[in-house]
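The two complexes that follow have subunit A in common; it is paired with subunit B in the first and with subunit C in the second.
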Partner chain A sequence: MNLPQQADPAAVARSRAQRVEIDLSLRGPTVHWLSSAVFWLLAGTVFALVSSHKMTNPEFVANYPWLTFGRVRPAHLNAVVYGWLSAGSIAVALWILARLCRAPLRHAWSLHVAAVLWNVGNLLGILGILSGRSTSIEWLEYPGDTTPWLIAAFALVMWNGVDMLRRRAPGHLYVSQWYLFAALFWFPMLYLTAQVLLIWKPVTAIAQGPVNWWFGHNVLGLWFTPVGLASAYYLIPKVIGRPIHSYYLSAIGFWSLAFFYAWNGMHHLIGGPYPAWLISASVAASVMMVVPVVTVGINHHRTMVGHFSALRWSPTLRFVVFGAMSYTLVSLQGSLTALRGVNRVVHFTHYTIAHSHLGMYSFATMMLFGSIYYIVPRVLEREWPSAFLIRLHFWSVAIGILSYVAALTVGGIEQGFNLQNADMPFLDIVRRTIPYLYLRTWAGILIAIGHVAFAISFIRVLRGRTRPEGEPTLLAAHPST
Partner chain B sequence: MFATALVFLTLVGITIAAVLAFAWAARSGQFRDLNASARVIFDPDEPEGETTDAFPGEHPPASSEKPFTDHR
Partner chain C sequence: MNRLAVIFIGFLITFTSAWIGLALVPTAHYGYGPGAASSESEALVDRGRHVYMQNGCIYCHSQQVSPRNFRSDQARNWGARRTIASDYRNDKIALLGTMRTGPDLANIGSRIPVAQWHYTHLYDPQITSKGSIMPPFRFLFQRRKASVPPEPGAFALGNGDEIVPSPEAQALVAYLLSLKHDLGEPPEAFESLGKR
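Up next, the complex of A and B:
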């Protein structure tokens, strides 16, 4: 049995001073990027509620061209993908990298410039979509003139990431560092390839499908997934004070993702006019993803064994463990959905929307919430203002997203089987989905309540409205035995 | 055809980059002493065996479900 050992007081003081220096070096950029992310989360939530309500009440704000479904729905997707998740992921990635490299941030100004560029790009992109200038390419609807803003911003982020890697303390690279450094290269490679082939120098229409879905699938697997898993691999052991169950398994998980994930994506085109080998390669790669998913799932679960009571008192762990469990679920579901027999039924149904929200919300967004709850008190040296608001946030979004996914999964499978039935009129099939669409909107309202609670907490902690009494519990380490 | 070829080359490039990174990791000793790798997240002031998170104004219980045990 390993018990905490008494460390040399001088070493403890040095270590604490270094940790505080690193956290403070990231204070301004982290606040800038996370404030932007929270703004886009709220904007994306409004777009989501409007578009979801329109599914059952198409006449809702139908007289305003800017708010038609074909504009609001992609505005929601892009606001949450680039505005919320990407901005939040950048803040979390740089903080974890700085901590693990033991290298304070040297060029804070560049990350402020990057945040401004990123926000301008997102603002122009959302306005472009709402004004009818969408590219109509899913996941890449921003008009082409917004791309340089986002690319310039990400180049500055990469520069800071590489700078930390070069100045890292000697020794082993932790698995989270591998995931984060890889993600900082994977995302621009994906984004630039897609931009060149689809926006700047568009290839013929038939060839745009594979490029579109190669990007759309890989941006989840090679950008949001590595950042989410890096957070889990850092935060779960940090919060419970116990190393991960098996570093060996974590290495297998990372390298199998790095070798094989890029071959995914074309399975979205099953049934399309494409060479069979192209789609089959992606189906095979998708099934192979069971290897990294199972290794990561087993590793996280075995690390938590004996420490599940920590979920009662750690806000970070609640969100991160929820996200980690969702990662296993959505990934195995994805491998199953890539099979031709399953895909034939569920493709073009609400099941797909449930699946994408299981990935982008239950996994990626919950991971991001958990990370933010851990990081913000440390960079601000200030406590979160209210345990009640955090609990309200967690239960609202957890119940909300589970209801959302359950309703659209069941409704989507039913819809898929009905679509196979040539005797059933199409409008009857559509009408039968309406109860599930109402459930979707109610689940969305619950999620929105959680987001408002989170935003209130965030604004209050920024303004310094913290609990005046007692020691900031998040900042003080406690023995776990 | 141009698009398919470029995407194909990019994903082959990503795979080759991963193989090169793997080779560097193996050469530079990243896979030696994996137990040490798992512990690099702990510091003298946030050592193994100490929890670092709780709801504001609350303290985690003095003991977890089980004593701290090394399962590897």
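Up next, the complex of A and C:
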């Protein structure tokens, strides 16, 4: 990563020209996928606020079946999981792959077609849920006839990703490439298995639980996590200008994640009507997740040491480091929560909702924001219009998500202990959660403000509003200036 | 690791191991489930399950009773014993659930076997359960001035009005009343699985 200082000027110029060529080849598809992602982020945020408000005010828009809590909540989940996070992850994954393979995109048209298919699939899926056609299978609520659109779109994405890997420049495969290569296969294999066994040709009722949670956990572990870690492994060295601390730790982190994460899902069924071996296998694998998590955490931390001051000026690094720290936190929390003694208290409570937002938001979404702040100026050759909007975005969502997680974690633990106390009437337990649910709505409003700031930035940079001087938009003065 | 093939085979093996262990083995073990509903009452329960699914009841209600010494479910009278796999053999889909914002419903058909209670509760949860945060499902009912004699199926709210459940509400209540997952003697050994 320190090459430019030593290499001869001609080689530096060639390398720079090649980067520009790669970025330009991806301009159209990246803008298409990211705009779609931002649209779904806003839609998902509206669904989130409506759901959250309904939990404290059940009479709110109660007379419209389309807006009943049990439909808006899964609409929120699916809009952010498939519309926002997956579409964003696809854009980021392909851009990083192209850069690392030094292979410009060849078939831009196919990614435009894929983006249209992806959006149609999501739109039909969300309308399906709101109109009462949900499958009622968590994380897979889209009606079975709307998911082929998503599968066709992803096939095109895979084709382009594999094409880049096959055309890669000779030499070393970087750790981000391992993660992205694997994720491009893991996601469709997971999704297809779940669609077939749960929706298209459903297995017997009781067998659906394991398949459901094998999917539900792995869509985070084997899709969003590898893309998020690939971004961190790529962006942290890029921004601070030094290589990743250890190749060996990278390898241990990758293979232990691949092996242990895939076995995690059954910890969602602890105490349920399932054989002990099935649950125990997942509890063991969940505890073993400490290995990849600590390995990756040490590797990232050792890379960052001495460069934390870069957090003052780099928008990308701020979001990415926030995401990387959350990854360590949420994963260790996950290992702990999988223990039977902890799970018996906190399962079935709002604690779980806090945990999933620590993973899907504090880790995956923050990582995606960081990647977008890095990628967009490069593919558009245009800088972000306003450092103020980026600052507003960061602080709103950072404070918002931390308060969200804190409120529901504390509220959830209290709820869990109350549920264990059979002498406490159920409605008393409900009543005691309400203050925490109000706090959650307030945290959600803060997060929504951040999203609006982000969307304004994004629209303005697309429309060509940029800072006149053309310098990178930093949050504070760069030490070299 | 500079060869794609090595990485490919590696991540395929790790993935497949879990795919076999957690997706294929349980599926093969339990097999494929019951076919279409065989009687009219089963068809009504099926429609009710569909109403339950389309309105997302699962996001607040579980349908599984934990072992006695693991959680307080049985002390709360949510079931006489823990649920076991064969309790779900007649279900099309096991709506086990992951949240207890509301109480567990695995045995709601035995716990509250009164259709009128369910209709009132669905129409306005505050009537039966003051302080509940469950949304009202008024859109499954018609409300009008009470007629004398009352229409079959309609019932009075006590303020001169009566409510008439839609076919969806009737199916949903039939489904709720059918939820009895603790029939039959449980092998005692099952209760100790969650032992600590």
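Just so we're on the same page, the second predicted complex is superposed on the first by the 464 of 481 C-alpha atoms of A that agree within 3 Å, B and C clash if a C-alpha of one lies under 4 Å from a C-alpha of the other, contacts with A are read in each partner's own complex, and residues count from 1 in each chain.
As a convention for this text, a contact is a pair of C-beta atoms (placed from the backbone, for glycine too) under 8 Å apart; a residue touches a chain by one contact, two chains touch by 3 or more.
This structure is a prediction, so every number in the text was calculated from the model and none was measured.
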item	value
Joint occupancy of subunit A by subunit B and subunit C, clash or fit	clash
Which superposed partner A:315 touches (first subunit B, second subunit C, both, neither)	first
First (subunit B), second (subunit C), both or neither touched by A:193	both
Partner chain in contact with A:171 - subunit B first, subunit C second, else both or neither	both
First, second, both or neither for A:340, with subunit B first and subunit C second	second
First, second, both or neither for A:138, with subunit B first and subunit C second	second
Partner chain(s) touched by A:352 [first = subunit B, second = subunit C, both, neither]	second
First, second, both or neither for A:251, with subunit B first and subunit C second	both
Steric overlap of subunit B with subunit C in the superposed model, located at which of 5-13, 41-49 or 59-67	5-13
Touching both subunit C and subunit B, counted on subunit A across the two superposed complexes	171-173, 182, 185-186, 189, 193, 197, 203-204, 207-208, 210-211, 214, 222, 251, 255, 258-259, 262-263, 278
Contacting residues of subunit B [partner subunit A, same complex]	1-4, 6-7, 10-11, 13-15, 17-19, 21-22, 25, 30-31, 33-72
Touching residues (chain side subunit C, partner subunit A) in the complex	1-4, 7-8, 10-12, 14-15, 17-19, 21-23, 26-27, 29-34, 52-60, 62, 64, 66-67, 70-72, 75-76, 82-85, 87-89, 91-103, 125, 129-139, 193-194, 196
Footprint of subunit B on subunit A - complex, ascending	1-5, 7-8, 11-16, 18-19, 100, 171-176, 182, 185-186, 189, 193, 196-197, 203-204, 207-208, 210-211, 214, 222, 234, 237-248, 250-251, 255, 258-260, 262-263, 278, 302, 305-310, 313-317, 373-374, 383-387, 390-391, 466-467, 469-470, 472-474, 477-481
Residues of subunit A defined as touching subunit C within the complex	54-56, 58-59, 62-65, 68-71, 73-74, 132-138, 165-166, 171-173, 178, 181-182, 185-186, 189, 193, 197, 202-211, 214, 218, 222, 251, 255, 258-259, 262-263, 265-266, 268-269, 271-274, 276, 278, 281-282, 340-341, 344, 347-350, 352, 419-422, 426-427, 430-431, 433-434, 437
